[in-house]
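Just so it is clear, A, B, C, D and E label the chains in written order, and each chain counts residues from 1 on its own.
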Amino acid sequence: MPPTPPAAPAPSPTGEAPAAPVLTKEAEPAPPRVVPVRRTGQWAAAAVVLLLLAMAVNSVVRNEAFQWGVVAEYFTTPAVLRGLGLTLWLTALVMALGFVLGTLLAVARMSANPVLKSVSWGYIWFFRSTPVLVQLLFWINIGALYPQLGLGIPFGPEFLTVKTVNLLGPLTVALIGLTLHEAAYAAEVVRGGLLSVDRGQTEAAQSLGLGRWRRLRRIVLPQAMRAIVPPAGNMLIGTLKGTSIVSVIAVQDLLHSVQLVYHRTYQVIPLLLVATLWYALVTTVLTAGQHYVERYYGRSERDR
Amino acid sequence: MPPTPPAAPAPSPTGEAPAAPVLTKEAEPAPPRVVPVRRTGQWAAAAVVLLLLAMAVNSVVRNEAFQWGVVAEYFTTPAVLRGLGLTLWLTALVMALGFVLGTLLAVARMSANPVLKSVSWGYIWFFRSTPVLVQLLFWINIGALYPQLGLGIPFGPEFLTVKTVNLLGPLTVALIGLTLHEAAYAAEVVRGGLLSVDRGQTEAAQSLGLGRWRRLRRIVLPQAMRAIVPPAGNMLIGTLKGTSIVSVIAVQDLLHSVQLVYHRTYQVIPLLLVATLWYALVTTVLTAGQHYVERYYGRSERDR
Amino acid sequence: MVEIRSVRKSFGSHEVLRGIDLEVRTGEVTVVLGPSGSGKSTLLRTVNHLEKVDSGRITVDGKLVGYRRSGDKLYELREREVLRQRTQIGFVFQNFHLFPHLTVLENITEAPVSALKRPRAEAVAAAHTLLERVGLAEKAGAYPGHLSGGQQQRVAIARALALEPKLLLFDEPTSALDPELVGEVLDVIKDLARQGTTMIVVTHEIGFAREAADTVVFMDEGVVVEQGPPAEVLDRPRQERTRAFLSKVL
Amino acid sequence: MVEIRSVRKSFGSHEVLRGIDLEVRTGEVTVVLGPSGSGKSTLLRTVNHLEKVDSGRITVDGKLVGYRRSGDKLYELREREVLRQRTQIGFVFQNFHLFPHLTVLENITEAPVSALKRPRAEAVAAAHTLLERVGLAEKAGAYPGHLSGGQQQRVAIARALALEPKLLLFDEPTSALDPELVGEVLDVIKDLARQGTTMIVVTHEIGFAREAADTVVFMDEGVVVEQGPPAEVLDRPRQERTRAFLSKVL
Amino acid sequence: GQGGQAEAGGADKPGTGAGAVSLPTEDVVSGVRKDPAAAKLLPAALRDGGEISLAAGVGSPPSSTYLDDGKTVAGLDRDVSDAAAKVLGLTVRREVAGFEAILPALGSGKYQVATGNFGVTDDRRATLDFVTYINDGQGFAVREDSTLKKVTDLTRLCGLNIATGAGTTFEVTLEENRPRCAEQGEKPYEVRTYAEQGALWGSLQQGRSDVVMSTINGLRHAVDQQPGLKFLNEYQRLDVGLAFKKGTPLAPAFQAAVDHLIEDGTYARILEKWGVTGSALKESRISPPELKS
């Protein structure tokens, strides 16, 4: 049954205006005009918001305390750009690896296998419990805590021992520490998404003989993405700024590199503004990206 | 049609054993025994996991670098307990207020009203863009940036001016700053949950004449909770530890109070352990709470 | 009671309703028949203002649905007013849309308590009576996910009836029901009609149409092909299309 | 082909299947009738091992569903093996369970491509043929959410057929279809039967049962009350319960 | 501060003057010669020239900072440690690390020596060994319009708001002396400890606090950089040292090396370069008792 055949009976002589909501009555000559709900309050609110915004922007731009000259001076210095680069690089890797690991953890947590389930539960518990600062210090000081790592019979003799001092450089430590931490949080975000998908979907996929991974990748995850993307966007942006914790192990991210400058020059406000502007720029790009990802996963609903 | 009438025809003479999966065949005397899938690998894995865990615990407990004596000494000192109290208090308030504000923002963001929509978008963008450190420093330094706040005609004369120094104490600043920040993230988490609820649910509620808030509170949010709770748990635990950022404005939370000690005595590892143990304790309680909340919102699926 | 005039509705480039004119008198049962995809569900949804029409006009009880007229202007109604209109209109969705997190009883009492401000005890008593009527008394505490298809459909019917609406829109209310239950639902519908409730019923069961309808409407490809009393439309259809359709009934 | 022996299944304290015995021969169409809540859907689900039985035994093509027998022991099958069994069994769910994020075409090609490892081009061609057959050729690119109820149901049928299974389980495959389409689905089912596909069809349409069935099974409250050729069960039922049920058909 | 790593301490030593970054870059180290007598004190493995790993906490000038390139570590700490290593014939492998990372790593041997403006207190002597190389101390800074007179006794501060760096020796000193206000029948002072110097100095400038207590050298540098503030007075002195694992065999060698630098004038040149000649030591000591006033 083709839905729009070329010549179908059209019992009403009304003009063709399917786009605009023009209401007509056969007997009347002119259709009445549609007046949308009056939104006086809405417009007033919009005006107030814009005015407040203008005031805020004005007060920021003209406020001398912000020292825009200093901001401009430091905005693209090599040290700041290096910090930015490190922040971006670290964020991208941590986020990607963290979510891969997190998805595996979420699936393990929801599987029927009790071993997988409890290992995943334990992992999430442990890494959510421990402050990331402590985790980073643990890894960087692994030499102090375990002067040597041995391969051998547990509680028995060891065959091979490795001195752990200097095993891991600060960057490696930052990457490992943040990723393991991120994965625990990512696991919960993914699990939340998976929970929101109707069980019938899994059953339908099972009845079609789709394997476990295929079901996950093709049927459940894409539907879960609607619920996953917004908190994942949170995590991405949180990680972007959270990487600054690595400054305790002397890795210079964006925030730390401006802090180093103002510890020397005491120009705290303008230098924090430098970092803030960079963060805002990157966040804006990421927010835009999030918008498109959401649109992609909502495509089957969009024109509904 | 009552589903289980007292005396219904039972064409098969099989014994009544509905609970245990005993398979029978009419002609056969004894039903065959059911053997579950052999999970040798699973048991081996469980053993390995337990062994590794035992080794890890053993090495932690017996490692001298951890200085358990010092840990015990400081574990319940008044300063640490005060810090813990502050952390808990701040976390609870920030989380509660942040989620209330965040839910409103999420609803605004998804509403049809363009003003609400863009204000909410702008809010989320702004507070996700700006590092929380900068926000805290902004609020605490508001005296330097805006020596006086005026009430009057925008860009015109002012009627009333207030000196801003000492307007906000550090605790108030911590609360305001963290809450505003939290709300932006909470908004996205809630929005993710709302997106995961089928549109048909809203339509059904509309067709029953339920008002906007009732629909949200009674129909959509409870279903969204399945997707919201896990990332909200993340946020709660993240906030618990994230409150330590307030140490920059001289508010002493748990982490900061142990840092004060080790800055003085240089016993870094045992004092960080004190904080870690407390965090782990609280996280464990919260994780258990999360479990029950999830069970509550999943109750309609549980015995399925 | 319901007046539908020149209603058109497109999804994208696909025009689903292509000028529908229909009148339903108070206390009458109008049964809408037609092939799959002909726009029956869409039409019901426009009557409840779940879909905005592109052009044309729908009135229920003399009042425009979704608009208020004054002079030659149509003012869009605020959501609150639309919701008030909707409490007068019951809707049984083709795929039920029960609230999965509420028990059967809560599904039914929700609207009377919150939209009509009935006392809870009264609403619960009424709900139990309704459940009795659709044969689900013992499932009051069950969640929709634990019900069979036919049980879910009966809950959806009870939920719509609980508002005691003046107009009831049924989208295939018996698709998941066995012949016995179809008979029972038919009795319910006849009862309601006797009490003055107006009903529009979309169905594929010709037998049901024959028994229940005061008027039968046959739709195809977004237009009303033929309408009239069941005896006429079902037994002596004037249009070729209607005849072809009915000839396939098993 | 299918042998069901003494199958019992409870949900909580509610015993839904209370000792079902049923045999379905290869290439035959078995139609299951029965009131709402009598356990028809549950029975179909146990045949596809979507529900584990509490006791009893089901074999398809001589092989136990979900278990492997050796001596007097029953070994539970691993998931991979269960999935392999399932590709031989097509299932059309009562409420369709289409994949909302995939287009109609993707819904249909998913299983052949990923479970049967067919080349994609071949699967797409086959899907188009199937869509043609159910009258939805032009909806290949649409998402399920944009389809009418009857269109969704036809996609669900096409999806199950795409695996070319030896056994097909239909849970009310025509509930959302108009009489014309019911006739078409009937033709499809007869075609498949001619090609040797075995089918179990749950339905409420007695007319459909009469036309399609080799055997009619009447269930009530979790037991098989009566079974036999349609002419016998439908026209000369021996059990009082069956007679009462059939007398209500409009 | 002397509380530990400079940035946590809030403020450090004075720089060479106002304005943006104009750090001295004069080379005061390359002229130093090896002193075989001092080198003999080293453990055998290091005696004939070896590599020593050093952790540097970087905070603010003059003790330790980055040059404008954001990579090169400079400051008093660096010059002193480089020069001392040179006296001992050692090469330095310097890694920058945070306070929390440095201390445990000394224990493990990941680092053999650390610089970070570590003040020597009795508490800390129990955990680490120190070789002193400069004498810094506690002092006060106020706004220029402040009416506060020279603080010779902490009871002068009664009733005021005092800001200081978190985890510093100042906090301990202040808390210990706080009850004395009540004993004299005055309102006790309030102590706020900041972990971020932006907030610390902001509080003084806006009047949320009346006095900043910090290291003498750090305060001098900070008031030079910020208009409207002045250095009030010194209060108490404290030794600053290189940090080693407890019981290290390296300490005597480094003590001898620092003494050597004092003798040959390199030490004076370094202090002059960083503008802290007022903080010179007469001789280096190993973990001396805390200086109490």
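Just so it is clear, a residue touches a chain if its C-beta (ideal position, glycine included) is under 8 Å from a C-beta of that chain, and two chains touch if they have at least 3 such contacts.
These figures come from a predicted structure and were not determined experimentally.
A turn of 180° superposes the CA atoms of chain A on those of chain B, with the angle given to the nearest 5.
When the interfaces A-E and B-C are ranked by how many C-beta pairs touch across them, A-E comes first. Chain centres here are Cα means. That of chain B falls 43 Å from that of chain C. Look at where the CA atoms of chain A average out and do the same for chain B: the two points lie 16 Å apart. Chain centres here are Cα averages; for chain B and chain E they lie 42 Å apart. In chain B, the residues that reach two or more other chains under the touch definition are 1, 3, 65, 133, 137, 141, 144, 268-269, 272, 301, 303-304. Touching of two or more other chains is recorded for residues 99-100, 104, 107-108, 198, 202 of chain E. For chain C, residues touching at least two other chains, in rising order: 11, 35-37, 95, 146. Interface of chain A with chain E (complex): residues 77-80, 82-83, 133, 137, 140-141, 143-145, 147, 165-166, 170, 247-250, 252, 257, 259-269, 272. Residue ranges on chain B touching chain C, taken from their complex, read 1-3, 198, 200-201, 203-212, 214, 218-219, 222-223, 297, 299-301, 303-304. Of all residues in chain B, those touching chain A in their complex are 39, 42-43, 45-46, 49, 51, 53-55, 58-59, 63, 65-66, 113-115, 119, 122, 125, 128-134, 137, 141, 144-146, 154-155, 185, 188-189, 191-193, 195-197, 199, 224, 226-231, 233-234, 237-238, 241, 244, 255, 268-269, 272, 275-276, 279-280, 283-284, 287, 294, 298, 301, 304.
On the side of chain D, the complex with chain A involves touching residues 48, 50, 79-80, 83-84, 86-87, 89-91, 93, 95, 97-102, 110-111, 114-116, 135, 138, 143-146, 159, 163.
Within the complex, the chain E residues that touch chain A are 6-7, 15, 20-21, 23, 58-61, 65-66, 68-71, 95-101, 104-105, 107-110, 197-198, 201-202, 222, 225-226.
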